[in-house]
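Each structure below appears as structure tokens.
Both of the next two complexes hold subunit A, though its partner changes from subunit B to subunit C.
The block that comes next holds the complex of A and B.
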């Protein structure tokens, strides 16, 4: 029998060669004791991260103009949430990998209607000052087309870089209907703290789905600025990092790595870089899926499965065993 | 009793009998709870598998306390903060040990000798652990969880998974983190460990060469077995 065939035979069979005493239970108990001591020491010395959650009240206090502009954009349908697409709404198609559009295929599974869910319904859920109540009534009695005209006109005027540029006091007179008053009403509601907790399930007792709060908060600059300050942006290894100096989800490095590449992190507006950056999420997920499959199926992939033989680090692991080559049985 | 039927000598016809016979044949007690290991199992690298399991036990223990008190307890209680810290560091150690264990098994080519399923269940356990950790990070109910939920949703939505696995939904992730993910991981870990016991620890890559040179001998070549130490 050749050495190679004999090696395969040894690997397949239950080992009946030399053995040593080895108490797995004792080893496990010692390992657990070591881990308990280690975690207690690490927890005692370093504690754990816990930066308080941002609030909509904090947003209203810190960046009221931004909250105001975002509210208008929700009514106008120009916010990130409004144009997100599935699984929240049909405001966009989502990302694509060539002809593959799984985001679109899955459809709207968690309906989010930003104008109503983020602005109208929360305003309706509480008693409002008379001007806001009147504005709300005017909005609700108008046709969808009229609502869109008011909101779009005001959204455009508010964000005109050569005009108001985000300053509501500089918006020229126009036919904006109840939009400015409603936006003021929502900012006032957020400032009082009344908006926190209402977005998820206005008028209902239980509230466990935080999707709408997360989306609304993310539409503005408040969350984004806080993440930038904490070095949590995607081009700084993103959510893999943790607040403060704590280790984060280091195991996401193979995932976050791809977002650091210029091709997936480009300012280009045309060409391959623009396409890859705009659709980075699906391209990177596809890469990760392939990487996972390669790792899972490694034992069956010629070449890759031979790397441990080509780079014989196994000689370190089994150095005592190999050292006995030629010694007495 | 004289004349009693000798059921054990007959081929099992029931499902449970077939399972019992298979377990008795492939996983006898001395394989499940052996007092010896092959002589080549003599390196620190072998410790990291059991260290990973130990860290998992610590994660479950500290997580159980946190689950009893709810996801916001640790914001307002020093005891809660300490248990959160235990949970946090146990997770860090778990992944550290698991990656070292994985690298060790890679360089040993531990999938040899019909052990591919052991490798595959280990890799899937790693992937499920990453998912379990993600659900843990988004139920922290703090700024970090807000940001992670906001960021992670885009990747998951991009491939359609987000339609059902919604990281922005606290309630869904809470349940997944304290029940579904640990349950899946527990099954994978049990299968992984049973496969290790079933096939034994993979022999050295040059075992046949050692044998040919007059070193340790495996019984199918000569019927002799040797107590090494």
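The block that comes next holds the complex of A and C.
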């Protein structure tokens, strides 16, 4: 008899094995009560993950030089956001799995223009001191080419490791146009707290879209340092962790594991490790997809589907039944 | 709004073990899950009581 025919025969047979009374509502109620009690007890022991939100004001107070440098890089188009690519802009191709570039396929459907969205528009939204207002006016009346020349020249001079090295007071004299004054203006706005409300939702009363805030924060060191302090970096199992002393997301271990491997966590600038690290997200996504497919198709994969026969854990669970079955023989 | 530096953010306690780093609360939860799994397999089922409404 074929396996399929035997399966159908078993399904038609009347169950003659042991049965027991079972109340699913009672079990559900008990489980709910236990989980509620456990939630309160564990929250009491471990506290709750309610750290205050990071703000642009906090960035300006903690690392004003970094905010200043990032503002210049947004104007120059050299920030991470400016070179991210789809879905925000055309600054890059996004992640690639070999020849496959799904980010590029989806195109720019949530446009972010770092220079205007993070710097120019916020400065325009409020009454500015006369020097910042003049600088803004000069910037807006200049051609795109001229804007790029000013910003690139200042960005290069500010970040020159053999020169200013991030210190604005040491930047040599040059034709930087209104860029330094605009950057100072934005840092002043952020310090006052005004930038937090404006960058999130210009002209809107309610807002749940913090994309621009997070992108801008991500371009600097403030968000990165906070993630390191809270053990939330991807290369230190951060995906599994939670802020404070609260248990995190252990079920993300299969994802987090791959990010710890040197090939997905490399400082190399060329070679396979560099490619895999730069495109780690999509490669790990593909690995997990294959693992999930193996799990879904387990009953059809010879060898793997026989594991319960080799490791008969079910015989331990139902040992009474198998003991009786053995005795009956 | 409060700043995380002012709050002296608590990063919790971590167990570094070579390339593996795990927070103590995560470790406790994982150990409890393993213990529950082992108990679920090894503890005997409760003995069935006589129930007049049972169908067999």
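By our rule, the second predicted complex is superposed on the first by the 304 of 329 C-alpha atoms of A that agree within 3 Å, B and C clash if a C-alpha of one lies under 4 Å from a C-alpha of the other, contacts with A are read in each partner's own complex, and residues count from 1 in each chain.
Basically, contacts are C-beta pairs under 8 Å (C-beta built on N, C-alpha and C of every residue); 3 or more make two chains touch, one makes a residue touch a chain.
Keep in mind it's a predicted model, so treat the numbers as computed, not measured.
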- Answer with first, second, both or neither: which of subunit B and subunit C does A:196 touch in the superposed model? second
- Message: Going by the contact rule set out at the top, does A:237 touch subunit B (first), subunit C (second), both, or neither?
- Response: second
- Classify the contacts of A:320 with the two partner chains as first (subunit B alone), second (subunit C alone), both, or neither. both
- Query: Where does A:62 make contact in the superposed view: on subunit B (first), on subunit C (second), on both, or on neither?
  - Reply: second
- Task: Figure out whether A:10 sits in contact with subunit B (first) or subunit C (second), or with both, or with neither.
- Result: first
- When the two structures are overlaid on chain A, which partner does A:144 contact: first (subunit B), second (subunit C), both, or neither? neither
- The answer to whether subunit B or subunit C touches more of subunit A is B
- Which holds for A:247: it touches subunit B only (first), subunit C only (second), both, or neither? both
- Query: Taking the superposition as given, does A:25 touch the first partner, subunit B, the second, subunit C, both, or neither?
  - Reply: first
- Note on the structure: After superposition on chain A, the subunit A residues reached by both subunit B and subunit C are 18-21, 46, 51-54, 226, 230, 242-243, 246-247, 250, 313, 316-317, 320
- Query: Given the complex with subunit C, which residues does subunit A contribute to the contact?
  - Reply: 18-21, 46, 51-55, 57-58, 61-62, 193, 196, 226, 229-231, 236-237, 240-248, 250, 260, 313, 316-317, 320
- Within their complex, state which residues of subunit A touch subunit B. 3-4, 6-25, 27-28, 31-32, 34-36, 38-40, 42-44, 46-54, 86-87, 94-95, 102-103, 105-107, 109-110, 208-211, 214-215, 217-218, 223, 226-227, 230, 232, 234, 238-239, 242-243, 246-247, 249-252, 279, 281-282, 284-286, 289, 292, 295-300, 305, 307-309, 311-314, 316-318, 320-322, 324-329
- As the complex stands, subunit B meets subunit A at residues 31, 33-43, 45, 47, 50-51, 53-55, 57-58, 62, 74-75, 81-82, 84-90, 92-93, 95, 99, 104, 106-109, 111-116, 119-120, 123-124, 127, 129-130, 133-134, 137, 140-155, 157-160, 162-164, 166, 168-172, 174, 200-221, 224-229
- Touching subunit A in the complex, subunit C uses residues 1-5, 7, 9-14, 19-26, 28-30, 33, 41-42, 44-45, 48, 51, 53-56
